[in-house]
Amino acid sequence: MRINHKEYSGEVEPRTLLVYFLRDELNLTGTHVGCDTGHCGACTVVLDGKAVKSCMVLAVQASGAEILTVEGLADDDRLHPIQEAFRENHGLQCGFCTPGLLMSSLALLRENPHPTEADIRRGIEGNLCRCTGYVNVVKSIRAAAEAAAKRRMEVER
Amino acid sequence: MIPKKFDYYAPSSLNEAIQLLTENEEAKVLAGGQSLLGLMKLRLAAPTALVDISKLPGLSYVREDGDHLAIGALTTHDTIEHSPAIKEKFTVLNEAASKIGDQQTRNLGTIGGSVCHADPAADLPTALRVLEAEFVMKAKKNERVMPASDFFVDFFTTAVGHDEVLTEIRLPYLPPKSASAYLKHSLREHDFAIVAAGTVTTLGDGDVCREVRIGLGAIGPTPLRATTAEQYLKGKVLDDAKIADAAVKAVEGVSPPSDVHGSKQYRLEMIKVLTKRSLRLALSRAGISGI
Amino acid sequence: MSVVVEQEVSVAQEEKVSELKGRLEDPRLLTGKGRYVDDLKMEDQAYMGIVRSPFAHARIKRIDLSKLQSSPDFIAALTGEDLLREGVATVTELPMLAHKFANRHQLAVSKVRFAGEPVAAILVRRKNSLEDLVEQVEVDYETLPVVTSIEESKKGGTLIYEDWNDNIFYTLSRKRGDAESAIAPAPHVIRAREGIRRQEAAPMEPRSVLVTYKREEGLYEVYATVQSVHFLRQYLSSELKIPEAKFHVKVMDMGGGFGSKGGNSYPEPVLACLFSKRTGLPVKWTATRTEEFLEAAAGRDEYCDITLACDKNGMIVALKARIECDVGVSGTSAFMAFATVGFMLGTYEIPKLDLKAQCYVTNKMTVGPIRGAGRPEGVYFIERAMDIMAKKIGLDPIEFRRRNIADPQSPESEGYRDLLDTLVKSGHYEEIQRWRDDLSSDIGKEKDGRALVAGVGISLLGGDAGIFSIRSMLAGMSLRGLVGFIRMLPRFRSFGGEYGRVTMNKSGEVYVYTGSSPHGQGHETAFAQLASEELGVPIDKVKVVWGDTEQIPHGVGTFGSRSGAAGGSSVVDASRRLKSDLIKKASKILGRDRGSLDFRNGGIVEAKHPENVLVEIGDILDRLGTTEISAISIYSQRSPRDASAAHLCAVTLDPELGTIKIVKYVVVEDCGRIINKTIVDGQLHGGVVHAVGGSLFEKLAYDDQGNLLTATMMDYNIPTAQDSPDVEILHRGTPFAGALNGVKGMGETGTMAGYAAVMNAINDALSQIQPGAQVNVAPATPDSIFAALANHTSQST
Amino acid sequence: MQTTLPKAPREVEILHYDGSFEVNSPKDVVYDFIADPAKVSTILPDVQDVKITDHDDFSMKAKMGISFVKGLMDVKCTFTEKTPFTFLKLKANANGLSSVVELEASFTLKDGEVGGTVVRWAADVKIAGLLARVGSRLIDSATQKYVTEMINSLKPKLTQ
């Protein structure tokens, strides 16, 4: 499978979950495990363009897939605009749910570049956060959307 | 949490998949995995083998097909939610799909997986029951088509044989002046339903209710039809009073479970409320306002 | 109006934050480079699994490990008997109060007392086979009668601890005058039973521990998810009977705690130490979410029969309260009712008082501090009573509170009144009231059930009633309490002050070592700000170090809303000591008098012309023949205070479904000096939404056998983005004299005042449909709201 | 205001089921069937290797659950009461699925019409561990279904 634009391959027991393959085999520990039952979204990654919970996918199922994890968002030292927005708007506190939220936000904004607040809240409902009350998370995603719109306009000019 | 050991097969064709299932009684089909893997991680389910059909080509589609709309078994909830054809002609299914879990779940979960899992609180089965959908099941030699009324047998139990694969779900087109709606009552938006109701109404001349179907979810082993209420409404011109009567009839003979999110008594009351509201919503969509 | 209020926040701090473009800790957390305990991996690390009791109360007849021996992945196992053999002590309990001490071990010995209690631990080679082998352990039990409620516990027919004569953990009482005879003739009397059900802190990161025993040094290197590495060091030392110096406890990034990783001594770190010593392997354990629900200290589960009496002018004449708490099996710090009482009595003038709080042990996991730690309950009890009374006598709830604020002349009271006035001035209150009345005018008019009903609730969070004094701690201490207290004292030293050490090296870089232990609160930024302001060095030259018992020899930790005030003040204090020490030494070197010198911009400067650097820090240290200079502060507050606040909550109720939506939420608060407004706001947002969850959804539900029925995040429902309101915040920012840096505790205050505001709003909505209809126990789930509306006739005033 | 709320609210799930049916065999035949471990053990679905310790104690392995949501459990059964031809009480303790299921079943036999027997049965089920923790949504219906299945497989075996 391709992870963050690099080819990876490995032999695993069929029952190995994608999230443990990422964390234990590839040491990509930015993807977290928060609940085990597919309810918290801390393990969210982008698989073939869609946000999915990597604790609800077998590693073998993802063979041949294109996966993006939080480690693949920034290019070198430059934060991804969504990461930048979360930073500037204090969209994170303990940071544990943040990677999952970033990946959901990424997928959300690709599908829907101009989300309403309701769209945003629905789009991240599968990502639980106990620190922020979501207030600044929503603010961050809105800011990221606005920044992206601005960039598009500049390009057009 | 990690599932118990199992053998994993990723067949390259439907026939190969069916062959594998035929050879192994304990094997289970893996589609989107959003329901099955959850139970396997809890170790409440421990199939000795998984036959992963999620990558089989040609099983994910929504297409017009004569008198019905055909949906491939591997079509995801997200695709169903965003299909214009479904949104326009089968609103109840569109709404049911949009209320399943969260975005991540809708991205992977499939209609085939959901109905074969047959969780009594699942959203799609109730919608498919009122749409009187038909289920196409392929075995080694034959293929059979079964109506929703027979397809859902019990909790987590459907008519699909261990050597069969559900390939397609067919939605017969509704007559003109039909409308539908799905309402789900849950603690939080993405929780399992405490009670769910789906309705389809078809009006005739003078807005007489020609046909009405009321489906109830999360209150029994399988999605139920409130037939008494349906019979009562048929042939009448509907108003608030009649809808209220029907809502009361909807609870006749049903015995919902009690759990931490709602007592049996509470569920019975909610059945009435959701029946009433889903009927109203469907009718307003059919152009009957002011009810 | 709100703009005017906002201006009172010091603008300088605003700039600091904006120039920071976020917090210093953010970049690594945003890029997946955070270092949480479960992210760590040692060579050959083995995995620990816990065998847990399915029964809430049972004798252990036999533990059969034989099936494991055949597995190549099996390494070792431990049972309660092994702990006794190794001389491991009972679970540490904080000697805080006159409570009985539980004779309980980290692995059940002879009997289990709650469902999920560890009965054995196993060590295996591969993660994937962990659960397979845990399932192979066979335990025979003989079940015992189960105590799952306060009522059953009270009866005492079944004892949780055979060496106790009843199931009472402790009793606390406060009396002032003769309340009864004041209540009897009072024109206005309300009675209610209010409560908050058992709830979970539920930080997103499950607990985790990684222990490596270094035989040659006899040293345990312990990485653990804890809010205080120093507490864990004491727990391990006292339970394993090994000197503290033999434990090097560390935590780096942590995914929230909210108390559940703070107050309790859990089995797993102790067991991992035993395994690592026995096998020489690094031992890793990470909880599943279900293990969190079964074992992580829960909170709340307090209920109060409350009687409030007022005279004809709406002045309180007396309060009678009977508080009952279900503390489960009682653990390291299950004394929350204590704080409940303090915060129930801190805000209003109560001439006559008769209060009793009683805590009962049951066959459930222990309670412990979770966000607010007993204070939300206290605020909830009194604020619900205030609201019910205001309605009864037809007074505006704000006016009624205003009249009854305690000790009218004190600055605190002026502060409370100012909060209420600010809320009114802001215009929000009036606006919401208008909205509410518009909506409620539709009630009845609209066709059945289609109209939503509006409800408005407020709450006032004042201070505690100074109950946290040694005298009141030891008040009414039973002989048994005294014995246990004395037994525990040597095992757990008192909190003491918070540790801060500030070090500057030759290139003018500053290292701040703090005993506080951030896990989302942003100390790395806030403490760097404090040091940078005090020492006049750019913030990017300051590095904050925490969570390491070898770099930070003493410390308390982060809980109880204490870090900003205690931890922050110790950083300020140490910075100032460092500065004056530098100036003193420089004045000798330069032969100038101290007053004319200052330290700024990385060097000694003319006090009058700071731009003119006389000598660089590097040169000073060279001339002093050293490479760095340090100062230490152990800062303790005589009377720390939490922020005061007024909350306003507006909800809509769907009367047919019994569902609630929060449509507006406003906080007016005064947390003293604001170090970093962005961080303060973030803390309040989270705190409020924590209370929203606790008021609408969250409950740890048990059946009659003591099975926890909500053991996954499917059934234990914390708020999602869809359920959470936007939260508007108005700050007052009056510097607090009780802390060197002018700061009051605030991390938990959003939760403390939140329950009352939300529940008052819900009950306001209910009362418009059916006078007398109430939901008195949080969470107000749809079925309980429905029941309240259905049963309203059976309720009377 | 006085409220009618429970003092410490909590969910209570007592799993009790009962019923009665009539068969055409006489009481002694019915009694002998139920009292015989070898025979009565056959009414559980999916039973494997039954071991009979003595005429009051027996054990077996049984697949318990619904559809694919099931697992193998070790079941130990003991007759705690036997009053020939009129009454029997059976205790069963099942271990598996990280859970413990305790079942207490009683059978009261009365003469029916024309030589048959009226069998009044009652079953109380206690569930601890994983099934109780995560199954609360389904446990009542599932247990009821399981008990009904056993009774239904008993009836024909008592009919001549």
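The first chain written gets the first letter, and so on, giving A, B, C and D; residue counts start at 1 in each chain.
To be clear about the criterion, a residue touches a chain if its C-beta (ideal position, glycine included) is under 8 Å from a C-beta of that chain, and two chains touch if they have at least 3 such contacts.
None of these values were measured; they are calculated from a predicted model.
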(Q) Counting C-beta pairs in contact, which two chains come out on top? (A) A-C
Q. Measuring centre to centre, with centres taken as mean CA positions, what chain is farthest from subunit B?
A. C
**Q.** Separation of subunit C from subunit D, taking each centre as the mean of its C-alpha atoms, in whole Å
**A.** 47
Q: Indicate the whole-number Å distance between the mean C-alpha point of subunit A and the mean C-alpha point of subunit C.
A: 29
Q: Could you give the separation in Å between the centres of subunit B and subunit C, each centre being the mean of its C-alpha atoms?
A: 43
Q | For subunit C, residues that touch 2 or more chains besides their own | A | 127-128, 135, 288, 290, 701, 709-710, 712, 714-715, 719-720, 722
Q. Going by the touch rule set out above, which residues of subunit A reach two or more other chains?
A. 13, 15-16, 20, 36-37, 122, 124-127
**Q.** subunit D: positions in contact with at least two other chains
**A.** 11, 13, 98, 130, 134, 136-137
Q. Using the touch rule from the top of the page, what pairs of chains touch, sorted by label?
A. A-B, A-C, B-C, B-D, C-D
(Q) So in the complex, the part of subunit C that touches subunit D is made up of which residues? (A) 54-56, 115, 135, 138, 141, 148-151, 190-193, 195, 197, 290, 294, 301, 303, 324, 326, 388, 701-705, 707-712, 714-715, 772, 774, 776-777, 791, 794-797
Q. So in the complex, which bits of subunit C are touching subunit B?
A. 127-128, 130-132, 135, 288, 290, 447-449, 656-657, 659, 697, 699, 701, 709-710, 712, 714-715, 717, 719-720, 722-723, 781-783, 786-787
Q) If you look only at subunit B, which of its residues touch subunit C in the complex? A) 1-2, 4-5, 42-43, 185, 187-192, 194, 240, 244, 259-263, 266, 269-270, 273
Q. Quick one: in the complex, what on subunit B touches subunit D?
A. 28, 39, 42-47, 118, 120-121, 154-157, 192, 220-221, 257-261
Q: Could you please specify the touching residues of subunit B with respect to subunit A in the complex?
A: 1-8, 10, 30, 33-34, 37-38, 41-42, 50, 52, 54, 78, 101-105, 107-108, 189-190
